[in-house]
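Both complexes shown next keep subunit A, but they swap its partner, so subunit B is in the first and subunit C is in the second.
Here is the complex of A and B:
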């Protein structure tokens, strides 16, 4: 009984050390296994991207920085990979200054791997200040709104922008976000222009998106790194070790560990309550 | 004068204002704009409240009115305002930059005092100055140095600062949440009441239902009982109870945001005029 009671008083340093171990195992062993189950929202996101005509561009609206790279990084990478594979042009705009550098790096590394060319197959619009005018401008006049790309070149002169002017030439908008930017994109960019919107949030933010998925305002969603791993399954990468697969397994072990901790804590709580009741009973008998 | 002549003259004048400039002209324009902006702010802060109020109210109202009219009139019926939107965005960006400058001034004042007075932890304040100037200089030299060797070296230094320091430090700060969540969940999730039991069960289902390892736990359940599988239970929780609550909250927040937006637009909000109280 004493051991059980002690279970609710585990030193927090022990818990911290165990968290390190639990997270380190998948990060060291690099598991390749991807989720076999793909949720309907990931399926729908895949279908939207897969059916975009070649003459249209996809806009990746990126509102995340290095702090959430483990979640938003795999989402960005898998979407870029899919579009590179399908030959769909895309442009990425970063509403986060540090995130601009991270997303550019993801794009350039995939570009090399898949033999694509910057300015022809994709463009990075760099860091832009997030406001209503910029969000409206994506739909009304994309080249004027973005003006220069990340490298300082005039966007309108890049081959990737041939025939791309406004919402008529945009296939979909993908909101990859670590903060509450979904509504702004929805109100000012996608809804007025009838554009498809996909959402890639961090895990804690995903619960807020189901109402928009239900209403059809958001067509599909990649829920954190798990959603990215599911998307990778759909593009035929289920046996390849990726950042998404590693993060997904790290999340799995961490979640199970937290549940075990909660169970242990409650066992201790129940045991201490029983012991207290017994002591109370003995005291009244005396 | 015909309408088309008016339009042509307007385009020429507007074109001259927003035309792209480089080098010394650009630097002079930036410095001039900063001076003019600082001058306007100084003037606003030094004039008595009764003169300041109408100016701030008018600018705020006009700013809001442009967006409201543009949105309500519809882009196809109100071309001049729609065309004005990119410029509006640029103006907003410039005003936002002043806020950035205020933030930097504030940081300099706080950390400058800490360094000059050698208060506790002054070395951290010194580290702020070193980091600030180092990454700023590396960034400027990387982008603007004309000699390739110089810009190349600055680029390498910038990469070390960005990828070697900023990125891992940001990730580390965010990752620390994992430790606190594990510790807090262990301490706080006690089944003390029916409500806490419900919350714990719901949280556990969602945590396991969203990750692949959790799916294996109930994969053995036969088809008639497949609704009890963790992924199906968590999906039901998300699109059922969660969505209903989220939708109700969204309606409440939207009504509140409308009221706050209206108050700011009409300058009814406290502190709209650099005052403590209206």
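Here is the complex of A and C:
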């Protein structure tokens, strides 16, 4: 009983240090293995990408920067990997300037690994300012709206853009986001043109997206790095150690640790209440 | 000399970037221990960088390519009217000519209202439609019926809670509204849980950088050696000592120290 009351007095800085230690173990030792449970929204996202015809392009609308790389980075990487493996052309547009660098880096590293070619299998449209005209332009005239790619080349002259003009040639739009950009893409790009929309949010925003999944406005979702790890399971990477799998392991250990802390905290609270009541009773008896 | 310096910088650029990033991360996280000047310095550096970066992006991505270059170099002189319209906003600082700013504010309010209506239509109308779920057994049999029933109970309870046109006096209405409040609380709990997961993932990202990119590659590249294991063991011992010390400390002292920190 006494130890439970004393546990409530632990300095918050000690708790922070313990969380760091708990998280550090999987980060240093890189355990392999992916989640075997794959949620229906991840399954649906996989099916949408998997069934896109080769003559269409997927647009990755990327509204995230380095600050959320640990969540949005694995999502971007796994989707790019799947499309490279399936031979589906894709173009990535970044609404965040620093994020433009990060997504380009992810694309080039996967391109080397999977022996693909920039400008033929994929294109990076670079950083563009997010506004209504740009979102609408993706569906109405993609080459004119994007104009130049990240390297300054004219988009319309790249082989990857052969036969790609407007929404008729787009298979799906994937919104990879760390801020509230989903509705804009929905209103101006996907719904007026009848395009499939997939969503890759950070965990904070994921709960509010379920209503769009239920109504069919969003076809599938990868919830944070955990969603990316589940998607990796679907593309046959369950035995490969990746950033998503490491993050998922670290998250699981941290969640267990937090649950234990919550339990101990509540037990300590109950114990201290009981002790206070007993002391009050003794004082009144005196 | 300058060339040697440039060569050295080019050769060590990755290390320099990683060390700078590690220093910034430590500076920002140092506030978790206590408020300090190191944290404040880096906070101000960050704010200054963000402000300067914002000005640069506004010019390089918007005003430059969309307004200045077409107007000055491509002969699209009519873009000068955009400057006139934009300058109308600044008349809000003049008592005499404030009406000029109201014209442009009114124009933009009208445009924004139209856009909002369009947005409402695109975002919420499909939601209303999808809320009319069939109670007939679907592909998953009676499970679909049960799901739809749960959905209706939650929907009507939550809507009743937000129905303020009359007082919730009738026991049935009051009970439904109370249930709605509970369901909303469960929803907020789920959002909070997802927030914890999100924040931990961000921390994992930073820790991954500190441990793998900075510590194991830059500080102790031979981390599998006995020295690293000794350091790690020492860290664990210090941590255990801190916990024991923290538990053994009387509560009075603890609360006094936290009060003085605040």
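Here is the rule we use: the second predicted complex is superposed on the first by the 286 of 286 C-alpha atoms of A that agree within 3 Å, B and C clash if a C-alpha of one lies under 4 Å from a C-alpha of the other, contacts with A are read in each partner's own complex, and residues count from 1 in each chain.
Criterion: a residue touches a chain if its C-beta (ideal position, glycine included) is under 8 Å from a C-beta of that chain, and two chains touch if they have at least 3 such contacts.
Computed from a predicted model, the values in this text were never measured in an experiment.
Chemist: Assess the superposed three-chain arrangement around subunit A: do subunit B and subunit C clash, or do they fit?
Modeler: In the superposition, subunit B runs into subunit C.
Chemist: Under the stated touch criterion, which partner chain does A:21 make contact with: subunit B (first), subunit C (second), both, or neither?
Modeler: In the superposition, A:21 touches subunit C alone.
Chemist: Does the superposition put A:246 against subunit B (first), subunit C (second), both, or neither?
Modeler: In the superposed model, A:246 contacts subunit C only, not subunit B.
Chemist: Is A:10 touching the first partner subunit B, the second partner subunit C, both, or neither of them?
Modeler: A:10 sits against subunit B and subunit C alike.
Chemist: Which of the two partners, first being subunit B and second being subunit C, lies in contact with A:102: first, second, both, or neither?
Modeler: first
Chemist: If you stack the two complexes on chain A, which partner ends up touching A:65: first (subunit B), second (subunit C), both, or neither?
Modeler: first
Chemist: When the two structures are overlaid on chain A, which partner does A:129 contact: first (subunit B), second (subunit C), both, or neither?
Modeler: So A:129 meets both subunit B and subunit C here.
Chemist: Go through the superposed model and pick first if A:186 touches only subunit B, second if only subunit C, both, or neither.
Modeler: After superposition on chain A, A:186 lies in contact with subunit C alone.
Chemist: Of the residues on subunit A, which ones does subunit B touch that subunit C also touches?
Modeler: Correct list for subunit A: 10, 16, 18-19, 23, 67-70, 129, 132, 192, 203, 207-208, 211, 214, 223, 226, 251, 254-255, 258.
Chemist: If we count contacts the way the header does, which residues on subunit A are in touch with subunit B in the complex?
Modeler: The contact residues of subunit A facing subunit B are 10, 12, 15-16, 18-19, 23, 33-37, 39, 65-70, 98, 101-102, 129, 131-134, 136-137, 140-141, 144-145, 152, 192, 203, 207-208, 210-211, 213-214, 223, 226, 229, 248-249, 251-259, 261-262, 264-266, 269-270.
Chemist: Sort out for me which residues of subunit B touch subunit A in the complex.
Modeler: 67, 75, 82, 85-86, 88-89, 92-93, 96, 143, 162, 166-168, 170-171, 173-175, 178-179, 181-183, 185-187, 189-191, 200, 204, 207-208, 210-215, 231, 235, 238-239, 242-243, 246-247, 250
Chemist: Inside the complex, what are the residues of subunit A that reach subunit C?
Modeler: Within the complex, subunit A touches subunit C at residues 3, 6-7, 9-11, 13-14, 16-21, 23-24, 27-28, 67-71, 73, 97, 127-129, 132, 183, 186-187, 191-192, 202-208, 211, 214-217, 223-226, 243, 246-247, 250-251, 254-255, 258.
Chemist: So in the complex, the part of subunit C that touches subunit A is made up of which residues?
Modeler: The contact residues of subunit C facing subunit A are 32-33, 53, 57, 61-62, 115, 118-119, 122-123, 126-127, 129-130, 187, 190-191, 194-208, 211-212, 216, 236, 239, 242-243, 246-249, 251, 254.
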